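Take a look at the structures listed below.
Below are two complexes that have chain A in common, paired first with chain B and then with chain C.
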Partner chain A sequence: MDIKKLKPVFFIASILMAVIGTTLYMGSYFSGLLFILAAVVLFLAYKWLESGTAALLGLIKAGAQALMVPVFGIAIAIVLGALVMLASNYDPVESYRALFYGAFVQNWHVSVLNAAPLMFTGLSVALAFHAGLFNIGAEGQYYIGAMAATFLGLNLNLPPFLSLILIFVIAGMLASAWNIVPAILKVRTGAHEVITTMMLAHTARYLSPIFIRAHGGDPSTSDHAYVTDQLPEANWLPRFRSFLPEANYRLHVGILIGIAMALLVYYLLYHTRIGFEIRAVGQNKDAARAQGISIGKNIMMALLLAGFLAGLAGVNQVVGLDHKLYENLSAGYGWNGISVALLASSHPIGVIFTALLWGALDAGGQYMARVTDTSNSIVEIIKGIILFLVVAKYIYAYLGNRIRRYRRRKQEAAEGAA
Partner chain B sequence: MSAPQDTKQVILETKDIVKQFPRVLANNDVNITLHEGEILSLLGENGAGKSTLMNVLYGLYTPTSGKILLNGQEVQFNSPKDAIDLGLGMVHQHFMLLDPFTVTENIILGSEPGKRGTIDYKQARREVKEISEKYNLKIDPDAPIETLSVGLQQRVEILKALYRRAKILILDEPTAVLTPQEVDELFEVIRDLRNSGVSVIIITHKLEEVMAISDRVYILRGGEVVGERNTSDTDKTDLANLMVGREVVLTVEKEDKQAGDTPILTIEDLRVLNLKNFPAIDGLSLDVKPGEIVGIAGVDGNGQTELAEALMGLLSVDSGKITHLGDDITHMGTKELIGRSISYVPSDRHRFGLILPMTIGENIMLGYHDRKPYVRGIQLNYKYINSHAEELVEAYDIRTPDVQNPAEKLSGGNQQKVILARELSREPTFLLVSQPTRGLDVGAIEYIHKQILAMRDRNVAILLISLELEEIFALSDRIEVLYEGKIVKEFDPKKTSHKEVGYYMTGGKE
Partner chain C sequence: MEAFFTIANTDLLVAMVRLSTPITLAAIGAVICERSGIVNIAMEGIMIVGAFFAAVGALYTGNPWIGLLMGIVAGGIFSLIHAVATVSFHLNHVVSGAVLNILAMGVTRYFMVLFFGHPGTTDPIPNNLGQLRWAIPGLSKIPVIGRMFFDQTPIVYFSFILVIFFAWFMKKTKVGLHIRAAGEHPLALETIGVSVKKMRYLGVFISGLTSGMGGAYLAIENSASFTEGMTNGRGFIALAANISGGWNPIGAFIASLFFGFADALQVRFQVGKVFDIPEEIFIIFPYVATIIAVAGLVRRSRPPKEVGVDFMIEQEGD
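Let's look at the complex of A and B:
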């Protein structure tokens, strides 16, 4: 039988394995990693059947090249972090053991919980970057999404999944509407979105105390001062525990929605007309315009979609984790989304991994601070170094040139001596 | 042909210069000599190695092997500063001037006279004046750069080099941005410089320039010197053949052709305001018939950009009327215009023609990305996009290993071919071509001219905007002279001369 006929089988099996593996792994079942591995192997086999050995090797090489800079950056950051620890009299070996154990084993569920909102805000910033826009105000859209989700969650009384879908869609749209003003200002007057979205981010953030007081927050009592009423359980996101009994009781499926959203954004950007126009405008708006693409329409589109995605981060936190809205609980998911997007070079699939990495470093840092006496702040230093090394790509080009020049000089010297 | 003889003293010499880049051998055993008081040209296509050689001479690159001799002494340049200190000056194709600063400030920048951190402006001004008088380079030392024409800005660049006591002046593609009149003035300046003992090296790919100004020329191809000629012993065809490495046709054969009767495109009394609200096109009327190439000749800045942009719906029309195939398209958007068989090859291919980081396939699709079969529903059909691009890559002889390579990886000529492939394959009835061969080498120019003439044979109405008179004369069936936003004169190219057209281009009256 012709093995090529098995192509769709490989493809479907790969997708299936990926779905099962991801679900298990995100639910803290480490056997999921085996499924993910199987999915990768099956996918490579499918690619091989489809386009042959050379193309497969090319794909692997391109993948390895894309990973080289981040992996290298992380490695250097770990070494530099160790030096910082040594200089401040902490034991790097013990600290790192705790950090990684906490991040990827013991408290992996915390990593996943941290990563979910970052995935949405990271995607938001990344998508805007593709249109050449800097959605620095993701934090504000996050708050709008969270407030809208709280409001809807408190008031909707529909069959469970229907109300959840409505909460996600409507709250997302309201957060997206928060970007209408910056979008119009950008299109009509050229006002820079960095300024306008940032200002509106602060506005949204300081609307939240008012909102909280209007929905159950009571400043006269100490135990209910800065928090809204709790959402009815019917409007909570399902938890992994409902189908994976050993999963942590707080772990909800928001991360799966985040990953699905990343795939959707990838599809939108690279396989649809809409994404093509957004990228065209982002990379060369003059050429795009000369071929009949409307710059204004696409700026609008990108900022609204970015607002929608950042809003989902807030929804995710409210219906998934907290089930109420706290005041002064600024984990800075909007701001950190910028790092996550930058680290992924704005690639939506990359955002999945950078969000998980960021979430894991936070979780691991907390764990490390608890079981060793190393300060949690070391994690922020490592994050800073990673970001610096990965974003400042030109450093590698520079180092590469220096090394080449040095080698040539040495060779010349050797030839001169001979 | 015998080796050119020159008895004057050799001032600069390269011995077996080799420059190896990771994947390219950019210079291979290059030997050139420059005599005192000589105008030397380095002629070659893009990628022939001329710029590499100049960057080696100017200290921007260290050669892989080989020597540079200055006045018989071996020298080593580790940076442009070393080169400048030893009397070399370079005028880049893109000027390195600070726009709001005055001429004097720009000239002294980096070697300001004065003590302990202060600048002696009086002395600076005096010195600039002295040099400008000595070399007969008239300029107002107090004028801000942004108020000067491109030609005068170039003069400032030359003065900058002379101020640093350059004895050897390297000019990189010096006429690329100049008007015909400015070119003449530049040539005067260069001759004056030679007469006062400065040696000049001109890097160029323009044959006319070599013939008009230089005493001697080296021809480079594939990183090697393939020929050396005294300009008086050679001609353009000889140089072109050496440069390209095969027989080339300098002026593409154009058969006489009767244009159709009914114009495809008509412009009536068009008025277009530029971004500063100034009428850049002011009462322009024109028509283009099928199978006809109408050439718009003019000095840059007389409304060429605005005319093209207004025709393509990129700039709004203030008054007047544009008709295409009988329909009023005056206020139509770009998208609709593209949809009604109007094609546009823009003058600035990097800015308006291509999205450089995108693939060749995506660039070819651009503009048609919202129609079948490029898209089904909202999903782009990359199978079709790439296979269609492969067909065009084949048909238009675009040199690339893969249509999924980004456009920025292509050479300039191949980038222009991508744009041509996109625009011509859409079977236009009206084709607007602006500066189609800017910065391209002889081989690519020949190809692009042939393609444009092929469209004429297929009865397309073609409007050609070009700053190169050569090109206007080579292609046009009718020449319209654009001056200050109006058509001031119409010529039959067979019955006129460069000189006559040039006269009207610069505002000459009957």
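Let's look at the complex of A and C:
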């Protein structure tokens, strides 16, 4: 029998394994890792059947190359972070042990909870980047999404899944509407989106207390000041507990929606006409215009989609984790989404991993601060260094050139001597 | 009518000048930096670093002038990271700026915990520059104008001086012209033997110094303590002031006054409790004003031609 006929079997099995593995792993069932590994092996086998050994090796090599800079950056950042700890009289070995144990084993569920909103805001920034736009105000769209989700969650009384879907879609659309003004201004007058979305982010931030007071958080009339009423349980996102009995009780399926959204954005960007046009505008406006692609339309599209995605981060927090909206309790998911996107070089699939890394560093930092004397603000420093080392790719080109030049000169000197 | 006068009086205009000062200082930096060809959205972060180190200096030495100096120097040093990243390592300017803003939040949070044992707000600074009111004899007696411009605290005066100095510097000095050429026509500048790199480094560094000073103003003159996130978007408003001011120091100063006015109005509405509206509606005044300003005025002026464009000359032997 021809083994090539098994191609679709391998593919479907790989997808199935990936879904099971991811679900288990995100629910703190570490055996899920085996399924994920199996999925990777099956996928590689599928690729091998499809295009042969050489192509497979090429794929692996390209993957390894893409990973080199981030891995290197993270390694250096960990070393530099240790130096900072030493300079501030903390014990780096013990601190790191606590940090990694807390982030990836003991409090992995916190990492996952942190990562879910970051995935949405990271995707938002990444998508705008592909159009050459910088959605620095994702924080504002996050607030709008969270407010809209709270409002809808308090007022919708429909069959559970229907209302959840409506909340996600409508709140996302309202958040995307928050980006209409920057989009129109960018297209019409060229006003820089960095300034306009940033200003709107501050605006949204200050609108949220008004909203909270109007929905049960008024300190003069309510017994729970500065926080809205709780959403009815029918409008909560399902939790891992409902199908994985040992998962942490707070863990909700928002992370799976985030991962699905990342795959969707990947598909949109690389396999549809809309995505092609957005990327064309981002790479070369003149070339795009020459091809008959409308710059204005695609700028609008990218900013509105970015607003939608960032809004989902707020929805995810409200219907998934908090079930109410707190005042002044933003963990800066919008701002951190920028880091997550930059770290992933704006690749939607990369965002899944960088969001998890960022979430894990935060969770690990908290755990570390609890069990050791080290302050968890060290995590902020490590994050900053990682970001800088990964983003500044030219450093490596520069160092590479230096080394090459040095070698050449040495060689020339040796030849001259001989 | 009575309500109108509780808001619209000389105090409002004095507050306008006071609140525009940090924006003016950062906006001057933005003008120089963008004229040299580098977009600097890191000013928000530079300001927060400047504010923090100014507060630390003032608290630990008891001398606010040392605090001011530390704030300026810290801003300058922090801005050099942006210069290295964008000029030497050819990193996208906006990306580098965003990273620096994030790094600034991390750095101040870390040092906050290290120096004061807790995040949030520092102890109050007993000796701050807000206590020093320098009334200029004679001029301060002019009605309205006197109180607005000639009866202020030290850094407010420094900002006036810097506006005038840099307006002159950019128009009349050789270095100023070279900085402008670096943003308009870098290749021509390089051809006449002036290093574009150096001019761009200088532009970023100046913006770091002035933004650091703007941050210091917030921590040790306008208020008497440092709070995390106290810049509240002023670095970005300064960027808008630079744009609506047409990339020149005087214009940026006038635009900053406008934003300062929006801020002052906001404070007055809030404190005066004139209308029965949630106070947050007023807090968003300056942000909305900024959007209107960049929306309405941006077409009137032209940015430097090569701003945000990387400059790379291949050297022989590379």
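Quick note on the criterion: the second predicted complex is superposed on the first by the 409 of 418 C-alpha atoms of A that agree within 3 Å, B and C clash if a C-alpha of one lies under 4 Å from a C-alpha of the other, contacts with A are read in each partner's own complex, and residues count from 1 in each chain.
FYI, a residue touches a chain if its C-beta (ideal position, glycine included) is under 8 Å from a C-beta of that chain, and two chains touch if they have at least 3 such contacts.
This is a predicted model, so every value here is computed, not measured.
**Q** Name the contact category of A:166: first (chain B only), second (chain C only), both, or neither.
**A** A:166 sits against neither chain B nor chain C.
**Q** Counting only touches as set out at the top, which of chain B and chain C does A:292 meet: first, second, both, neither?
**A** So A:292 only meets chain B here.
**Q** Between chain B (first) and chain C (second), which, if any, makes contact with A:244: first, second, both or neither?
**A** In the superposed model, A:244 contacts neither chain B nor chain C.
**Q** First (chain B), second (chain C), both or neither: which does A:56 touch?
**A** Neither partner.
**Q** By the touch definition at the top of the document, which applies to A:78: first (chain B), second (chain C), both, or neither?
**A** Once the two structures are laid over each other on A, A:78 reaches no partner at all.
**Q** Just chain B (first), just chain C (second), both, or neither: which does A:272 touch?
**A** In the superposition, A:272 touches chain B alone.
**Q** Does chain A have more residues touched by chain B or by chain C?
**A** Answer, by number of touched residues of chain A: C.
**Q** Within the complex, which stretch of chain A touches chain C?
**A** Contact set of chain A toward chain C: 84, 88, 134, 136, 181, 185, 189-192, 194-196, 198-200, 202-203, 206-207, 209-210, 213, 332, 335-336, 338-339, 342, 375, 377-378, 380-381, 383-384, 387-388, 391-395, 398, 401, 405.
**Q** Flag every residue of chain B that touches chain A in the complex, lowest number first.
**A** 22, 64, 312, 314, 333-339, 344, 346, 351-358, 362, 366-367, 369-370, 375, 378-380, 382
**Q** Would you mind writing out the residues of chain C in touch with chain A in their complex?
**A** Touching chain A from chain C are residues 41, 81, 85, 88-91, 94-96, 98-99, 101-103, 105-107, 109-110, 112-114, 119, 232-233, 236-237, 239-240, 243, 278, 280-281, 283-284, 287-288, 290-291, 294-296, 298-299, 317-318.
**Q** Given the complex with chain B, which residues does chain A contribute to the contact?
**A** Of all residues in chain A, those touching chain B are 271-274, 276-277, 279-280, 283-284, 286-294, 404, 408.
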